[in-house]
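Chain nomenclature is as follows: A, B, C and D, assigned in order of appearance, with residue numbering initiated at 1 for each chain independently.
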Amino acid sequence: MSLASTASAKAPPSLLARLFARQELALLVCLILVLAFFSVTVENFFSVRNMTNVLGQASLALTAGIGCAIVFISGEVDISIGSLLATIALPLIIIMNDTNSLLLGVSGALLFGLIIGVVNGYLVAYAGINSLIVTLGTMFIMRGGVYLYTGQRAIPDDASLDSFIALSDGRLFNIIPYSAVIAIVLLAAFGYMMQHRPFGRQIYAVGGNQEVARLAGYDVRRVKFVCFIISALLATVAGIILAARVGSAQHTAGLNFEFQVVAATVLGGVSLAGGIGSLTGMALGVLILQFLSNGLRGLGLPTEWQLVITGMIIIAAVAFDEAKRRRANGG
Amino acid sequence: MSELTHTSAQKRFIGGQLLGSSQLVLGAILAVLCIAISIAAPQFYSEANIIAILRQCALVLIVASGMTMLIITAEVDLSVGASLAFVGCIGMAVLNSTHSLALGMLAALAFAGGVGLFNGLVVTRLRVNSLIATIGTMMMLQGGVYLFTREAVQNHNQLVSFTDLGAGYVGAVPVPVIIAALIFVVAYVTLRFTTLGRYLYAVGANEKAVRLSGLRSERLKLLAFIVTGLCVGVAGMILSSLMNAGQPTAGRGFELTVIAAVILGGTSLLGGRGSLFGTLLGVLVLKVIDNGIIILGWNQDLQMVVPGIVIILATYLDIIRNKANVR
Amino acid sequence: MSVDFLHPGEGAAIDTNASALEMRGIGKRFPGVVALDNVDFTLEPGKIHALMGENGAGKSTLIKIMAGVYGKDAGTVRMRGREVDIKSPRDSLKEGIKVVFQEIALISEFTVAENIFLEGYPTGRTGSIDWKKIRADSAALFNRIGFNVDPAARTGSLPVSQQQMVEIARALAHEARVVVMDEPTSSLTPNEVSLLFTVIRRLAALGIAVVYVSHKLDEVFEIADTVTVLRDGRHISTKPIGEHTNDTLIQDMIGRRIDNLFPRQRGAAGSKVALSVENLSTAKKLVDVSFEARAGEVLGFFGLMGAGRTELAKAIVGYDPIISGTVTVDGQRLAPHDTRTGVRLGIGLLTEDRKSEGLMGELPVYQNASLASLGAFARLGFVDKAKEHQAVQDYVDRFRIKTPSLFQQIKNLSGGNQQKVLISRWLMRGLKVIVVDEPTRGIDVGAKSEIFALIDRLAGEGLAVVMMTSEMPELLGLADRIAVMCEGRLTAIMPREEATQEKILNAAIG
Amino acid sequence: MHWSKSILLASAAMLAIGAAAARAENMPKHIGYVTNYATHEWYQNVIKGMKAHGKELGIDVEVQDANLDIAKQVAAAEDFIAKGVDVLIITPVNEEGVVPLLRQAKAANIPVVLEGNPVKGMTTMVAICDYDTGYFSGVEAGKYAKEKLGGVAKVMNVGLPLLSATVLRSHGFMDGLKTIIPDAVMVHDLDGGGNPDRALEVSSAALAKNSDINIIYGINDSSSLGGLQAWKAAGKSQDGLLTVGTGGEGLAFINAMQNEPSYRIEAAMFPEKEGFTTIDAAVKLFNNEQVPEHIVSPTAPMTGDDWKKYYDYDGKTRTIKWDAVNALQPPAKCMKTSADLKK
């Protein structure tokens, strides 16, 4: 036996085969199928207006999904993002109402998000508490805190700043909602970070094998800490978009949002085990679920059917993915 | 850590370990809570209130007993809340049409067990992560219950035996508390003293080793899912008796309460470690907090905040205690 | 990049007067045990320094202190005369210490090239990763060390031996003054080993200090300039290799002489066929494997890494699915892919991967021991604990398993004692055929002979023992018959008396 | 489907009166309704009223469900606007949350009718008077307490602070009660979450603390029933107890009034009627007619067997008696609204 490996002795697989092996392509095919199905069955589905509307609606899950995926890739979970959406809307709206300044409001919201991210990240990375437990805890604490503070009432946006309204109603070139533009820009930026910046690769390494990452000189705790901060800040951005879309700070905002985002992220091939998946996959997962729910609404299906179908698709998609992975590993 | 491995003088993990670990912290928290609340509000110690707390604990404890077994095998079920509502409706509907508590109960158990079976099959056969699989089932059940009934299923027959299931008493003790106690004892004995219990721990601790030892690890996990389902079946019937109707809207957030109680009780989400006694303490702590906040007349929104803090705090204290033990 | 080690003289100038690394009075305690006590260890540039000792002697602790994985409790570390404080792997890497651990430390989802540069990505002006340079440099690196692997391949898809080489190549990708290799040859083929030795000698020629940790005496005699032996956390000796013989080395390591590593107590094997495997094939590896094993014999399977020994072991006990063939135990056919009937018929596997397939680390010793035979201690499904504990205690006494109590979590036992517990697991069940896969992996010399004695005893009690091993001495010392595998096929099967190292290796290479 | 059939029959009688007038106008073709949560009986009956009336007038009423999620409500309404419905009807998940939707609908020139809750900048809203509903059931409760409970009124309010509408009901109830029994007190003010199991749980705890009450008030049927079940589960007799429910949205209250001795008063809010009225308002807006800002849908306290006046019940389904419900005269203006709460 020479060092020539059996693997490298073979010709490299063709480009097409490589593409097909990629999670993202399978998802893209899935998305196209969803689009094709509803284009035929639902009137107006394929209109520019409806497509861009869905992009606007998807911007929330896309933005928060980036953070969710990054935390997953680092090998942890963050289910506090739904409550966070409601929490950061408070400083945002209150400060805007007081100061009539979008900049100050957004800064306040980001500061709040930063603090929450620091708390989550510290408890997971430095205190060593299981991230599911930590974020389950902070999820309860934040939701309860919002109820306590607001007395379970929404706080209206009295400032009605044009710039804030534009976040909900405005469209770039009169076509793409600004919220979607924000989500796409963030997606591109963080996608670039995850693939081409050393820190992004460190996150993959930490999630892929924590011990190896540590031996490679990475500060594993710091990497995880930062991931939680990123997640909280991105959820903050999602929260700001949501606040604009509903013109207020909603105490019930983001209830069950974490489930939606987690489902979309896992559907997008980001593994809960860490180290596997991409933001592109996550984005495709979000879009599939968003177009699905838009299409099902278009079909006039009641909520109960939408729930049943979405649940089935999530299970089927993950089962399919798992089967594919097992076949690839020959087990 | 290989250097650690041959330390013959390592620690006194004596048999009392099961009682010793996280339960100590939790027991202390419970004691402090009870004492503090009773000082501030003496009604806390009234017989009526203690019975009310126990009844509130009953539903959670029933499902948490199954969930503890499931989490010990390193799986989890988020669909129990949605299933709880559905089960109540089905049990009530069958009870209405058959006039038989036994048949209603049977239908409820069959359905809930079926949900557990489904979850178990998806997890063991299709190898879907149980967190995701049961989020999927949760959605399907939430939708499915409204396909089954859009309205609360009313109790048409008003069978006394059915009403007693939720609201009845044996002596001074509410029936649900007795049922919960029975299920708890059975689960406790199973986990502690039977081969099955030992296998459940083993599956959670190392599934491959269990398979190599000639045991069917998938079946064991499947069983844990089904048992969890059956517990939901019992709880669902008690709830519909208490509500005097099958409520499709019931059970929202119930899964989180149950899982929180189990985690609080020191059962590890990674499997292989945990105890039912801890779960009992976990349920008591959560429900005493809930009750205490009402008794003290505090803002009810604290009922979310305080458990959140307690879960994180208890886990953290446990970690610190473990570290101190190793030093 | 210091891949220029093939061209000595172009490397960084090194002050050859000071020691490359000087550790003085190193002490390290773990709960209940002193892992290192006042240990001195000095590395000279350009020298290959072997570090030896049984498991638990303190080798890994010492290496981990160098690597920054553990902090030290006492002592000083100097590099080229300057005192350094290594608190984390990062500090260690900064000082130019590269440690290649025995367990593969690569991210399996990453490409080979990315893993090579894991410790520091080359970046462009904007701080983004320069992927082109990573691919080009790793290809160049592989070229120069004669290592033929596609840098774009996913690391996890490579065989273990290649991963090991990637790991070694990685140590060369950055500026290093000290390279530590922890049992680097444990999964390499002979050719790869000789390539590795060439690489190590070139490193030394460049002035790099090399630490070579190994159990294999012949390797140490071949490659090392100096040998340091640790025992029970203490420094025993540091001598030039020329002053050592096999015997003196072993004596230093275990503090006593082992007269016979393979004491044979059992008589001749019987003639009754206990296990019969016919035309066994699996989807991934095995091709048409047939053999028989008789009661009372040890049938040794040899093969290089990737030959399919472990796959065979897992297929015959029913753990892995097969695509064709039959397995018969004591005349009864086994249902394929079903460990349950396997265990019922009396065939079990002692796994090579104790941690992930054998131990229930969190659970106490007694539960680990009785896992396969719990039913025997149960009445109506209830475990008779007294009976169970008594049975386990019997094995603990018989096998001299060192544990503070039956309730100790098994993860706290040494490898040898863990292995004995796992063997007890099967003996308590009562087997006819036991398949042991690399039974002494990760077990130190002293405990090894005990495990060998146990295997001998098993065969003596009438079990058929099928032993998978990559250790030639083990094979020749224990087996009655020797089977050799190559790329999933059985290439030879011969009685021990006819076997020579050469014959076996030829069959293993195919 | 038995439901819509019976409504159809009932509405057939109305055709002569209602539709004749309506036919003179231009009819919208397509109305989109985003409901709060369609799984609740109240909204199911609102939808039934809407669909039945829409069918009569030849209008296609399409329903989307926000399922209590404000973000989903915005998305569903956006879908409708993109589709170009003629009129949009919204039951706000939350009053503040749909302000941007009104803005968007206005930009797309689509008139909006709100159901249930008012929103800043709205054109019109069809809703019951929550305060009045509570108030008149409070008056009835006062009369009952004076006659049967010895003039003592100690109330456990199983409330829902989440919504201003439900807060108004509780306020109204206490104010109405005090007109008859001035020293009525609210012993417990609870957050029952509006759902039965939560209501049961908090009521149990409250009763354990202090069971010296004699009136259970629930802001909806789930809340009053949850409170009553807690009372029963505590092993207490219903003698000397009065339970007052609100809504009458489904079958639960009929069952309770038939079987629970203490369940004597129900404030009926006639969801079918509300749906009916909403469609009328939509047609008016479509024709640019002037409409009041608040179109009041009638409510009525029902005591004892009063419910039989308004509903037929065959043991399985209930059927609204349109004549009786349409005969109810809603006030032109509510006594108090959510605007008063904020003061």
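Operating definition for what follows: a residue touches a chain if its C-beta (ideal position, glycine included) is under 8 Å from a C-beta of that chain, and two chains touch if they have at least 3 such contacts.
The chain lineup, named per UniProt: A = Xylose transport system permease protein XylH; B = D-ribose transporter subunit membrane component of ABC superfamily; D = Periplasmic binding protein/LacI transcriptional regulator.
As the structure is a computational prediction, the values presented were derived from the model and not from experiment.
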Trace the shortest chain of touching neighbours from chain C to chain D and give its length in steps. 2
Just to be sure I understand the contacts, which chains border both chain D and chain B? A
So using the touch definition from the top, which pair is joined by more C-beta contacts, A-C or A-B? A-B
Maximum centroid distance from chain D, chain identifier (CA atoms): C
Distance between chain A and chain C based on Cα centroids, please, to the nearest Å. 42
Expressed in whole Å, how far the mean CA point of chain A lies from that of chain B is 30
Quick check: how many Å separate the C-alpha centres of chain A and chain D? 37
Per the centroid of Cα atoms for each chain, what is the distance between chain B and chain C, given in Å? 43
Among the residues of chain B, pick out those that touch two or more other chains and give their numbers. 146, 301
Listing for chain D: what residues touch at least two other chains? 39, 191
Two-or-more-chain contact residues of chain C, please, as numbers and ranges. none
By the document's touch definition, which label belongs to this structure's chain graph: line, ring, star, complete, or other? other
Check the chains against each other and report every pair that touches. A-B, A-C, A-D, B-C, B-D
Help me check something: in the complex, which residues belonging to chain A touch chain B? 123, 127-130, 132-134, 136-141, 143-145, 147-148, 152, 259, 262-263, 266, 272, 302-312, 314-315, 318-319, 322-323, 326
Could you please specify the touching residues of chain D with respect to chain A in the complex? 37-39, 62-65, 67-71, 74-76, 78-79, 82-84, 93-100, 103-104, 107, 120, 161-162, 164, 191
Touching chain D in the complex: which residues of chain A? 43-44, 47, 49-50, 53, 56-57, 60, 151-157, 165, 168-169, 242, 244-248, 250-257, 293-294, 297-298, 300, 302-304
Mind listing the chain C positions that touch chain A in their complex? 67, 69, 88-90, 92-94, 99, 101, 105-110, 114, 118-121, 123, 127-129, 131, 146-150, 152-153, 157-159, 162, 165, 189, 191-192, 195, 283-284, 304, 320, 509
Listed in rising order, chain D residues that touch chain B in their complex are 39-41, 44, 190-191, 195-197, 200-202, 204-211, 222, 225-226, 229, 232-235, 250-252, 255, 259, 315
